[in-house]
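Please read through the structure below; I'll follow up with questions.
Chains: A, B, C and D, in written order; residue numbering restarts at 1 for each.
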């Protein structure tokens, strides 16, 4: 298992600095939560790690430098992510979605033939995320929570060693959250997981460690209890509640 | 030396025409991301408006001046109508919009043919606009056509008017708000459909103005729009979406490039070279000269 | 479809392939080297009291501008002939087809007229490209085409009658005229297609032999409407005159630019070979006043036959509609066909061809005669000047009809051309 | 496995049915002239198969298929013109308009029939591969790609027209007499050409069907719907799109090559912006994502063009315009989606979803 090591990470868009010199270490097998108000730079951080936005500094995973590589190469080195709004291939079936996720390394010959049966890892992932029944339904017809599970399933068959999940339980019912949290705990037994989340209850129940981001910087880091006790965190969360929307818009416009 | 200067001026004047025909697109395509292939036919409508007005207004000068606002309204109305009938259903499907509006353009061309006849029609230019002024006298004088100066002036005026409208008026602010964040604009109480239609009205109206200007330099017929539409789109593509300054710079650069290449090679070769050059340029800057960066995924 | 029983796909695919192979093998027809492989003339439908002819013009697309006027005068001629009793006692029934300004479509429609409609003859085509596209169709089916437009010469199909001018009836006389006026330094401007390129080659050869100089030669793509650079080049060349073989829309843009550059018919006249009365109307006399054209016919051409033609045309299509050279040539072509058929007493293309030599017609442009050997017609060349009323006044003519010489065999300077 | 049985049985039946129609029924009921027209329509349908793959499946609205059609057509026509002229002679148009006394160097390889045949498919594919690898790698996509491909079609047509001495200019290459030794004016040989075209079309459909139902086909749809997402799964979407683009180009090239003996002409009029758009419209009307829809749509639109323009030339333009509007604005899945919509309505009268292009229903 490998860990994530971020040093002096900076991302700016047209003069607006979204991530401003972040240092972050996630140990192998950790289940790390990234929290912080809207516009704190959480998603941008994940974007930078996965190659979606250009960044300065250094991001190493398992000792390999990721910055400067293209998105699909980073993905191939074992890093997967999900998105705030669940992004699955709506017109393909659940099975097809998973099969594609499992197949980045396939040979041209395999690609040009039909799928004869359900590959082992795909069957396992279907079981794990509880979508076996729905394997042949178009992903577009799934409920919101099911789509998010499908995304996690896709990361599983992709066999990533680092999962970066952006608000995986948004819009889920309490039971679904519980199930998702337990799933994440199981996954993190053999992989490294980073979760961006707003839901504090969810974080308290499942986080092994927490980093708080604010205005592009790491404000606080530690266990749930440590972070909650940090006066800087309390100030940010209470003092900035009103400013959240505007900050979000600023990022959108940048 | 005269040749170099002369070709530069020629290039600028070609650029002015390009700018004028592309300006409306910079709003409808550049800001709203709608690929309206019928834009060329809105230019045509502007030109035919001039022709119709000249039947009732004897003075070529006055009719031309009257034609400018009337053509703006005529083409603008056509644009708003098109937006209401078809385009508003297609905002999420830009490629389909391209083909649908191509169909509209075919129908408008045939309509023009049925109303005005297949042959080109003529308009009279005011005498002052058929002359030229001499910049450098002598054996090989450098002259600039008055019609081209008029078009240049018109293009500059239209750019200034459009950018002031976008920057300073409440309408302009609303347009920019919708372009940048449609959902947010909607929840902030802006009627996005009204804004869309108004923007389309203005963009198409500008095509009508360009049509009036084109009567001074080119033919007025059913196919006049198709002759210019691809060039106009290329200006926007190279200039970059959502940026007026990209459109302006690229129109003039392409104009000068075209004129210099035409002079040193042939018109056909120049056209091919410019097109190939554009493809090469987009390798270097796939989003065009200027871009609005957004955080959206796609 | 879905109710069919399950079929093994591979076997059926193999079956299809086998079927295709068998069909292909059994279907081997004539080889190219087998001479006279297809001596099958197309059938002509002469049953009943009508005879069908094809009218093949572009009614849509970019060429519709010009070709619709040709279609009008073809229809006029047919109506006149039908009103006076038809041909060999049969009324002419025109079958209309649209070439849509697209050469492969012309070929397709020509086939349809010959094979499906079984027409006795076809009238039409405008551009050289469309003629080149249909030429093999008419030759293979041994059916007749009447082509009414001036063209670049260098062609003599046994199944085409050319009623427009070939180069020695239009371009060569125009050059003679320029030479006689002392205009010896020329600039050549043309659209980028066969006619201008071939014409300019001939002009260069003529100039070389006649002590004239060509200062420049420029082509614009068909439909091009940006002429400022070409106008600049022409202007700084200080030529005596411009020889203009531009086509269609380009002329409008060219003359607007020409005038804006300060060039006039006085300072540097332009001789155009594709601007007739209809084009003058769409460009505007404001830009064309005093410029020269070279044709075989103008609306103002003197003579009773023309008065009748102009009157009949305007009565049918409107007083504001001018008549022009290609329209006249089209009108004449129908009458010539009628005369040939009547002389042959048959609609059979081979007999009609055999009867063609020496047939004359009192045309609006004056008397025309068919040269049976070349299947072109004798035509009088005329240079005209655009007047402020939009009509073209003749300023010079060749005096008598010129014998057609599509390959310019009678001109020593042209020996290296083809 | 069971899932595949239903559709593939239907597909096999469809193939058998169309083979019967194309090889037995059509030659029986159609006159030579109409059969010749059908051959032409089938060539257009071959382009539509590629369009279905690239646009319907891959989301690449290629408005430049005329370029590839033209490359294939010119490659074939160049060989046939050389063969017609006979050894040592120049093709007729070069004698008329050219100054050269021998074949230009880039014509010479086409004297070899095998080279020419290979070039009809490989040349367009090579050009597409070069263009595509630049364009897709730089992530030029969507409308940009469409406009760019249009500009390329325009540039290619202008270039061809400008090279009159060696390409025949606007006229193109006309008056083609023979097809590998067989005289084309013989109706029997014309029929043979028709059979070759029909067989080629069925072959291309089978090929495209295999691609669409392969894992690659699923991936292509994924790229169409969310290119970025695919990238995060470790694929390079540029390569995925490139394959579809290159295959579509090869299909258009083959179509162009077979168009030449069927119609006897290839010219810039078949290459520019307008014909390139017309190649797409048939697929759009029939259903861009459905092979059957695209092919039938292409044939139907081409047929309608002939039929309507024979009767009412002006009406054709209106009708064509209307066809674009109705098919794309109101029926984005084309006519093929009607069947799907009906089937789905019957199956489940639940949620009213926006009409999506059905994926599982190709061929």
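Just so we're on the same page, contacts are C-beta pairs under 8 Å (C-beta built on N, C-alpha and C of every residue); 3 or more make two chains touch, one makes a residue touch a chain.
Since the model is a prediction, treat every value here as computed from it, not as a measurement.
Asks: State which chain is most central when centres are taken as means of Cα atoms.
Replies: When every chain is reduced to its C-alpha mean, the one closest to the whole-protein mean is D.
Asks: Tally the contacting C-beta pairs at the C-D interface and at the A-D interface, and name the larger one.
Replies: If we tally the C-beta pairs in contact for C-D and A-D, the bigger total goes to C-D.
Asks: Round to the nearest whole Å and give the separation of the Cα centres of subunit C and subunit D.
Replies: The computed centroid separation for subunit C versus subunit D comes out at 33 Å.
Asks: Using the average of all C-alpha atoms in each chain as its centre, how far is it in Å between subunit A and subunit D?
Replies: 43
Asks: Using mean CA coordinates as chain centres, what's the subunit B-subunit C distance in Å?
Replies: 36
Asks: Let me have the rounded angstrom distance from the C-alpha centre of subunit A over to the C-alpha centre of subunit C, please.
Replies: It comes to 71 Å between the two C-alpha centres.
Asks: Among the residues of subunit C, which ones contact at least 2 other chains?
Replies: Only 60, 192, 219, 221 qualify.
Asks: Multi-chain contacts in subunit A: which residues touch at least two other chains?
Replies: 83, 87
Asks: Listing for subunit B: what residues touch at least two other chains?
Replies: Residues 110, 113, 266, 268, 271, 297 of subunit B each touch two or more of the other chains.
Asks: Which stretch or stretches of subunit D touch subunit A in the complex?
Replies: 1, 3-4, 210-211, 213-216, 218-219, 221-222, 225-226, 228-237, 353, 356-360
Asks: What does subunit A use to touch subunit D in their complex?
Replies: Residues 50, 52, 70-72, 75-76, 80-81, 83, 87-93, 96-97, 99-101, 103-106, 110-117, 136, 138, 140, 154, 158.
Asks: Could you please specify the touching residues of subunit D with respect to subunit B in the complex?
Replies: Interface residues on subunit D, with respect to subunit B: 59, 61, 131, 134-135, 138-140, 142-144, 146-148, 150-152, 154-155, 158-159, 161-162, 226-229, 273, 277, 280-281, 284, 314, 317-318, 320-325, 328-329, 332.
Asks: Give the list of subunit B residues in touch with subunit C in this complex.
Replies: 2-3, 6-7, 10, 13-14, 17, 110, 113, 118-125, 130-132, 140, 143, 145-148, 216-221, 223-224, 227-228, 258-259, 262-263, 266-268, 271
Asks: Mind listing the subunit C positions that touch subunit B in their complex?
Replies: It is residues 60, 62, 64-66, 68-69, 192, 218-221, 223-226, 228-230, 232-233, 236, 249, 252-253, 256-257, 259-262, 278, 281-284, 286-287 of subunit C that touch subunit B.
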